[in-house]
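These notes open a run of structures that come right after.
Two complexes are shown next, each including chain A; its partner changes from chain B in the first to chain C in the second.
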Partner chain A sequence: MSNDIVTRMGDGERVQLSAGEIREDIQTGTADAAQRAGVPELTAQEQERLFDIISDPSRIVSVNPGEEVIVTDDGCSMSFYSGQDGAGVGVPLSRMQAVLTYERACGADTTSLGHSDYSYKPVKPIINFEANDYYNTSMMTTAPFFYGAQPNLGLYFQPDGPCPNAAELMPMGKIDEARRAQEEAAGHLAKDLVFVGSRLADVGLEGLNFDTSGSAGDADFMAALQAVAELKRKVPDLPILMGASGEFVLGMHGEVEYEGTRLAGLYPQGQVKVIETAGADIAGVAINTATTESLPWNLSRAVTFVKAASGASNIPVHANVGMGVCGIPMMEQPPIDSVTRVSKALVQLGKADGL
Partner chain B sequence: MSTEIFESAADAILKGDSDKAVETAKKGLGEGLDPVMLINEGFIPGINKVGDMFGSGKLFLPELILAAAAMQNATDIINEAIPEGEGQSRGRFLIGTVEGDVHDIGKTIVVSLMKANGFEVMDLGRDVSTDRFIEAADKFNADIIGTSALLTTTMEGQRRLEVELKKAGLKERFKTMVGGAPVTQRWAKRIGADAFAENASEAVKLAKALLETA
Partner chain C sequence: MGMHIAHIMASCMGGIRTSGDLVAWMQMTRKMRIHEAKAYVAEKLGVGIIDLTDEEIMRDIRKNLGIGTVTSIAGGPKGIRAKCKIADLLGINIRSVSLFKSQMGFPG
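Let's look at the complex of A and B:
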């Protein structure tokens, strides 16, 4: 069988695979996701549709008219002005110019503003400036304009923060102390998320994004959930997008719960339910891309997880299609052939409500 | 009886029970079990199971830390019981975990099996810089340099070693072998390493093969 279908590996390398190899990777990919998350595999028909999307000879692919979905921005405008080391292109634009360029020149569905550190904690001491910038820019935009950053629990551990460093305590076998430190840090984090969200809401915030929640583990995820619930109590009309950071919540603590659900090890179909319970309006899911596996394998896994999450959720599910996530190869500038195939498959087969 | 000990070893690691792991290691050795077999049939299946469960979100960091400590304590005892290769050395094997990476359980198991198979082994430990690998290989007069990396971000250390060996004109002098969870045959080929070992037993086989063809 000839190796005549051009695709990529998870690290972005171009490879040519045969139809048989692609079908096999699709099958093993969906089986892997199903086994891990305890969800159904893609049906034979879905696998064949995925094969068609991947093996389409066109460089880019798309959904049919009428099947388009919204793309929620999570820091894309930052890519205009940040340098290559921040995965950006280094164009000399102000934050406002970048947001407006993204909206007006690129036709973005939504835009967003974020601090260059992209964490909430550093925004706290400069909230007046940040709220002012947000307000001024929001006077110029038409599309929904989010404020976004990552919760990033790591910033609350010494030497960057007040709490004993859990990552140092854990390898020393001080597990109870490490857990207590994470719980204490999560308290600080939730408070800061609510503070920043509330202050931005005061100037007419159109949407808040807790991006990559849980990147520092289950206590990080819990703090974001608590903050969503508290913000919804204080500002019920504030739309909140809470996105996850991986296909399961990392158990750095292992025992924290939200409303009776243990967060460690929670897969997307469980993540979206706790995000929904907290009161968020959109749930973001992120599936890890394995760099040593092919795009067909990675995408098949991602579609399997996303389909299960979409089926379980009563709020819109937006799949993260950034670098190294949901089947997109791990490259700073993800290739368009892969991005379009991943997007089409996640929408048509994964039933994602947005990207 | 040995089956019972192997099961007890795996169970001790899975539960992160250091006392039980040490007790099982001592008991197995006391009953005359081959140390290499005790690692291969008992403790390694346990730590592999822990790795699989951690990788799929079924077991979490605190449990992983306890399991790793239990494994380390058990392998320390077993390593002491492994006789150094008798008679002529099969070759000199230098090994370490690359810079920025502090994982060394897998690497320590490779050390055990290499020693058991008659190699003279120098273990540089973890977080080893490229320069240190090259200097130590020169002093030790290594036949093979083995590098371990557990993270995709630290795998670059394996590539750097290949680049620096070539720059220094030493690529022909040392054979190189790479391993670690994210490392593949494809990666080895891409960076120009001489061999990729999926696990410790394969590392031994490949090391023997590399020296036979040298």
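Let's look at the complex of A and C:
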């Protein structure tokens, strides 16, 4: 069989695979996701449809008219004015100009504002600056306008924060101390998330995004859930998007629960249920991309996880399709051929409500 | 950079070029899944679901309803003025609109 289908590896490298090799990667990818998360594999028909999407000879592919979904973002407009660290192109635009360009020139369904650090803790001391910028921009935007950042529990550990460093305690065998440090840090984090959300709500916040929740593990994820619930109690009409950071919640603590559900090891179909329980309006899921595996393998895994999450959820599910997640190659300039194949497959087969 | 535009072109509704912002509001304010949100907006606009992403149809609808067009029409509502109309059209609470109306002394 000739090697005549051009595709990508998880790091973006262009490769040629035979039809048989692509089908095999699709099969092993969905089997891997199904085995890990305890969810069904893609059916033979779905695998064949995924093969068709991946092997389409066109450079760019798309969904059919009428199948389109909503795009939310984690600071996309920042990419207009930021530098390489933020995958930005360095155009000298103000934040408002970037947001309006994203809305009007790019046709984004929603837009967002965020601090360059993109974590909530650094926003706290400059909340009035952020509230001013948010308010002024919200008078100009027509599409829904979020404020977003990451909970990022890691910033609450020494030397950056007040709590003993759990990652240093664990290798010393001080597991109980590490757990207490994470619980203490989670308390600070939840308080800060509610503080920032509440202050922005005072200036007409249209939507809040807790992006990449759980990046420092299950205590991080728990703090975000607690903050969602508290904000919904204080500001019931505030729309909240809570997105995860990986295909399962890292068990850095191992024992924390939310409403009776242990968070460590929770896969997307479980993540969306606790996000829904906390009161969030949209759930985000993120599936890891393996750089040494092919796009067919990675995308097949991602579609399997996302389809299970979408099936389990009663609220909209948006698949995170940034660099290195949900099948997008792990590089700062992902090839458009791979981006559009991921986009199409997650909507048509993963049944995502948005990206 | 570049991914966002590729996703928008491949799979997304097109924001204020079409009706993507309206459908997004329904996901955000009513937790509607994509098909329910589209059906709700289509019913409010009196069009079919397939029309929601048709620029040729949606442009005139947006212009006539004063809910913002992607090209800038002098004197045409955009920003908070358009959102006031969107909130009324969809029967939803948009928090920036509520704040704006309270500052202007308009009823909620």
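Following the convention adopted for this analysis, the second predicted complex is superposed on the first by the 355 of 355 C-alpha atoms of A that agree within 3 Å, B and C clash if a C-alpha of one lies under 4 Å from a C-alpha of the other, contacts with A are read in each partner's own complex, and residues count from 1 in each chain.
Keep in mind that, in the parts below, a contact is a pair of C-beta atoms (placed from the backbone, for glycine too) under 8 Å apart; a residue touches a chain by one contact, two chains touch by 3 or more.
Computed from a predicted structure; not experimentally measured.
Once the two complexes are overlaid through chain A, chain B and chain C fit side by side, free of any clash as defined at the top of the document. When the two complexes are overlaid on their common chain A, residue A:254 makes contact with chain B while staying clear of chain C. In the superposition on chain A, A:311 makes contact with neither chain B nor chain C.
By the touch criterion stated above, A:161 is placed in contact with neither chain B nor chain C.
By the touch criterion defined above, A:143 reaches chain C but does not reach chain B.
In the overlay built on the shared chain, the residue A:70 is in contact with chain C alone; chain B does not reach it. Contact with chain C, but none with chain B, is seen for A:323 once the two complexes are overlaid on the shared chain. Within the superposed three-chain arrangement, the count of touched residues of chain A is higher for C, of the candidates chain B and chain C.
When the two complexes are overlaid on their common chain A, residue A:347 makes contact with chain C while staying clear of chain B.
In the superposition on chain A, A:201 contacts chain C only, with no contact to chain B. No C-alpha atom of chain B lies closer than 21 Å to one of chain C in the superposed arrangement. Across the complex, chain A is touched by residues 56-63, 65-66, 69, 152, 182, 184, 186-187 of chain B. On the side of chain A, the complex with chain C involves touching residues 60-63, 65-73, 76, 79-80, 87-89, 102-104, 106-110, 138-145, 201, 203-207, 237-239, 241, 281-282, 314-316, 321-323, 328, 333-334, 336, 339-340, 343-344, 346-347, 353-355. The residues of chain C lying in touch with chain A in their complex are 1-18, 20-21, 23-25, 27-29, 31-34, 37, 49-50, 53-54, 67-68, 70, 72, 78-80, 82-83, 86, 93-100.
In the complex of the two chains, the chain A residues touching chain B come out as 9, 36, 170-171, 173, 175, 178-179, 217-218, 248-254, 264-267, 291-292, 330.
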